[in-house]
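Here come two complexes built around chain A, the first alongside chain B, the second alongside chain C.
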Partner chain A sequence: MSWSKNISINTWRCGRLMSMYPQHYVDPIYKMEDQCSKRTELLRLSHIPIKGALNNSSDTIFNGEIKQKMVNYITKNGEGFLSRKLMAQTLEMIKRTQLEGSYISPGYNKTETDAESLLIQAVENCRPLLQLSSIKRGGVKYHVPIPLTNKKSYFLAMKWLLDASREKDRKVSLPEKLAWEILDAAHGHGRVIKKKEELSRQCESNRAYAHYRWS
Partner chain B sequence: MRIPGALYAARGRAPQNEKEVPFQEILPLRLKNTVSGKADSGSDVACLQEMGVLFACLKDNEFVEKYCDKEISRFQKCYKVYMDRKFEAKKTVNQGIVQPGSNLNYKQLNKYMRRFPNPQ
Partner chain C sequence: MALRVFGLNLVKTNRSVLQNVCKTGATPTQQTVAPYATEVTVQASPAAVQKQKVSKAMKAYLKRANEHDEFMKTQHLEFQIGKRHLANMMGADPETFTQQDIDEAIEYLFPSGLFDKKARPAMKSPDEVFPARKAAEFDETGRPFHSMFYTGNPNFFQLLHDIVQETNKIHELEERLLRRGNTPDENQKLDTTGFQLMPKDQLELLLVESIADIEYSNFVNSMERLIALPYAYKSKEFIERFLKPLMDQSKQLEIPKPRIDEQGRQYITTYECLRKTARADVTVRMPGTGKISINGQDIFYFPEEKCREQLLFPLQFSQMLGKVDIEANVEGGGPSGQSGAIRWGIAMSLRSFVDQEMIESMRLAGLLTRDYRIRERKKFGQEGARRKYTWKKR
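And then the complex of A and B:
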């Protein structure tokens, strides 16, 4: 009873249930290399309040930015543990396939066996340049090519990879399909690369409407 | 004798009697003390030329991006510069420092006009 009363008083007082850092708080620099390279910046920051580091931002060699993002995108219903497991299985599967390939053709030393760099390569290959957004002018909808920010293009690449790997038989597991899609994309072919090319083709055919863009 | 209609037409329509149809002030007959910020937002069209060059290159090379590295990087750099400039401009607008001069943005204008409002 007293608990619910407390909550209601709090909502009444501040108008929202979420807590936020004030605007003048600064993001933490948790990576060692960043700390070393930004010496002068650190001196400036020594008298500025800093936000607490996130739960998952630890400076280990096992953390990769893209890998972590991918884990977050895989997650459904907040089951982070499961998605981390799926990601680990995916990387293992990539590693196994690549090792197998390198053993079958030992003379061909160029086979990349680092699963994480393959993942990064795949995401980089899938990043789109432009996006189509539909804009209504005079009662007609035009598909207008608009440029993308870096963040958005990374998001789209990872989303496409995941979407492609979720379209599968029930018998095939997600890590298996995801591993195949990542390997395909890393080598510059496969469904996701096709999709990206298709998008740039569409953008090219709609290039006459590029000046319709606003906001 | 019948009077032709053209004679009436030359005189035109008689004006309304002002007592019968009093003037109504539907909207106030003075300017507002504010301006809207719509005109300052501007159009978002940027980097059209770079986009055209990029499309030409992509079409020539069958949409294989590795042959168009130069064009792609130029396009992305252009967009980044544009976004940075927009961000900076927004920041200066939000600061709302009023300086003398004719080139004022809408926030500065609103500040001015709040100080010297129209008489009621």
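And then the complex of A and C:
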């Protein structure tokens, strides 16, 4: 194994053998459009080192942020290849169902057939705004509604979609069930939407305790 | 700069010069060269002072200075002799033997397998080995020259004092101009993009004093406050002394010139494209038809779509897809590492075929950064690299 020896020597020569970038490194901007729109801001970046582009990034229309996140959440035990395959199957399933629907009812041509925009629509529909957290005041636990950050609410929406589709018969495959859930959620009904509404109803009923968040 | 040398000989020989300096340079900041390096050295002893009692501190200092001077003299002598010996051994002319020749000779005569460069044998001029010391800061009677002598770091505190003085001056100016109804000139506004405040080690060299981290942050804060003032351009000269220009990141690496192959096409080969444990060398040929060959196979060398996409990322980003041919040899690592290595190689080679603006864009997209991150090892007593085992007190 001559190459492995060479590599180790080379990394020594760089003097930096580490698993993270230093703190002053800045995240890269993959999309050319984003770079063009932020021209003036980027002048500042010309003196700052940039992190390397991640190996799942590219400047194409096939690279959606939510799709990417969903793939990451599907992944178990580092099997990214499998999860990307499952995601592709899911999107294919959605596309097929929508196309079928549009063919069966010829007058109804307005059916959305873009699978990825349906996925985004579904996630947006499932996003909760508030969450209940239990806070102890005077020996009594209260369920207090607290607002969620954007990131957390996206995470919860995608997690609920996945959880719902993992509760299934053994004969049904994950892409199939996930496609159903996504289609349901995108049209504003289904289990995940119900779950979200249930949570918001609970938050509403516990609104009296909201002040415990800061007092 | 001669004042920085801790030597009495110098002081004696340049007595008259130093006296002038002491007289004229009462405020050390007004000196042009290395203002904070030294203030005043030992005052040559005029007859009037000679009769006065020399303080104990001065006596000790003079003794130390003498000793140091003697020591440096012998060191210089030894260095010269050693240099001549080395030159003779290497069969070179001892008169024109430079420091670089010395380093090469030492490396040749005493080959060392030690990893740390500082631990390897070396021969350097004693001026480099023994750093410059401060000259005397007090006169024969033991009375310090500098009013901030007892702070321990007189030069540093003088600097802080100067910064605040500048700030106050600008504040006063602002008020005066405001009363007259003037506003600061927008065109002259001080722009510090592309500049950086002097780092701590350089400031220490400038002051000949070691300063603590918190002291350095005090310096940074007061400088930033000064720079942020609307009339900061009035004291531009002062500020610029503590600014250091930053290099443009994309201009740091030299772009190689393409070579011509036997078919008359331009080509660039990038060796040592590394990512994780993969290593590749990539050749980009222009003009081409978009052929890609990896270890003799086409792009389907990578069964995964993601890896193939990675290969095309720099080409698609710089709009060179279908205009260049790519040949790559890659070994080691897995598919992800291999594709990453080739991607970096392609991006680095493409620099020779695109314009400067596109190079900067590619840098901003993170294509020109060598991703040197490596799997962090598992630690004992921990579940992984960072994660700890679950632990419950009771």
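Couple of notes before you dig in:
Everything below uses one rule, namely that the second predicted complex is superposed on the first by the 195 of 215 C-alpha atoms of A that agree within 3 Å, B and C clash if a C-alpha of one lies under 4 Å from a C-alpha of the other, contacts with A are read in each partner's own complex, and residues count from 1 in each chain.
In this text, a residue touches a chain if its C-beta (ideal position, glycine included) is under 8 Å from a C-beta of that chain, and two chains touch if they have at least 3 such contacts.
Just so it is clear, the structure is predicted and the values come from calculations on it, not from any experiment.
Judged by the touch definition given at the top, the superposed model places A:Glu197 against chain B, while chain C stays out of reach.
More chain A residues lie in contact with C than with the other chain of the pair chain B and chain C.
Residue contacts after overlaying the shared chain place A:Arg213 against chain B, while chain C stays out of touching range. Of the two partner chains placed by superposition, only chain C is touched by A:Asn56; chain B is not.
Of the two partner chains placed by the overlay, only chain C lies in contact with A:Arg44; chain B stays clear of it.
Touch criterion met: A:Pro145 reaches chain B, while chain C stays clear of it.
Contact with neither chain B nor chain C is seen for A:Ile104 once the two complexes are overlaid on the shared chain. On chain A, the patch touched by chain B and the patch touched by chain C do not overlap at any residue. For chain B in complex with chain A, the residues that touch the partner chain are 41, 43-45, 47-48, 51-52, 54-55, 58-59, 63, 65, 72, 75-76, 79, 83. Chain C contributes residues 115, 193-194, 246-250, 272, 274, 277, 279, 304-306, 309-310, 312-313, 316-317, 331-332, 336, 339-340, 344, 360-361, 363-367, 369-376, 385 to its touches with chain A in the complex. Contact residues of chain A toward chain B in the complex are 129-130, 145, 147, 149, 197, 200-201, 203-204, 207, 210-211, 213-215. Contact residues of chain A toward chain C in the complex are 3-4, 6-7, 10-12, 14, 16-21, 27-30, 32, 35, 42-60, 62, 80-81, 84.
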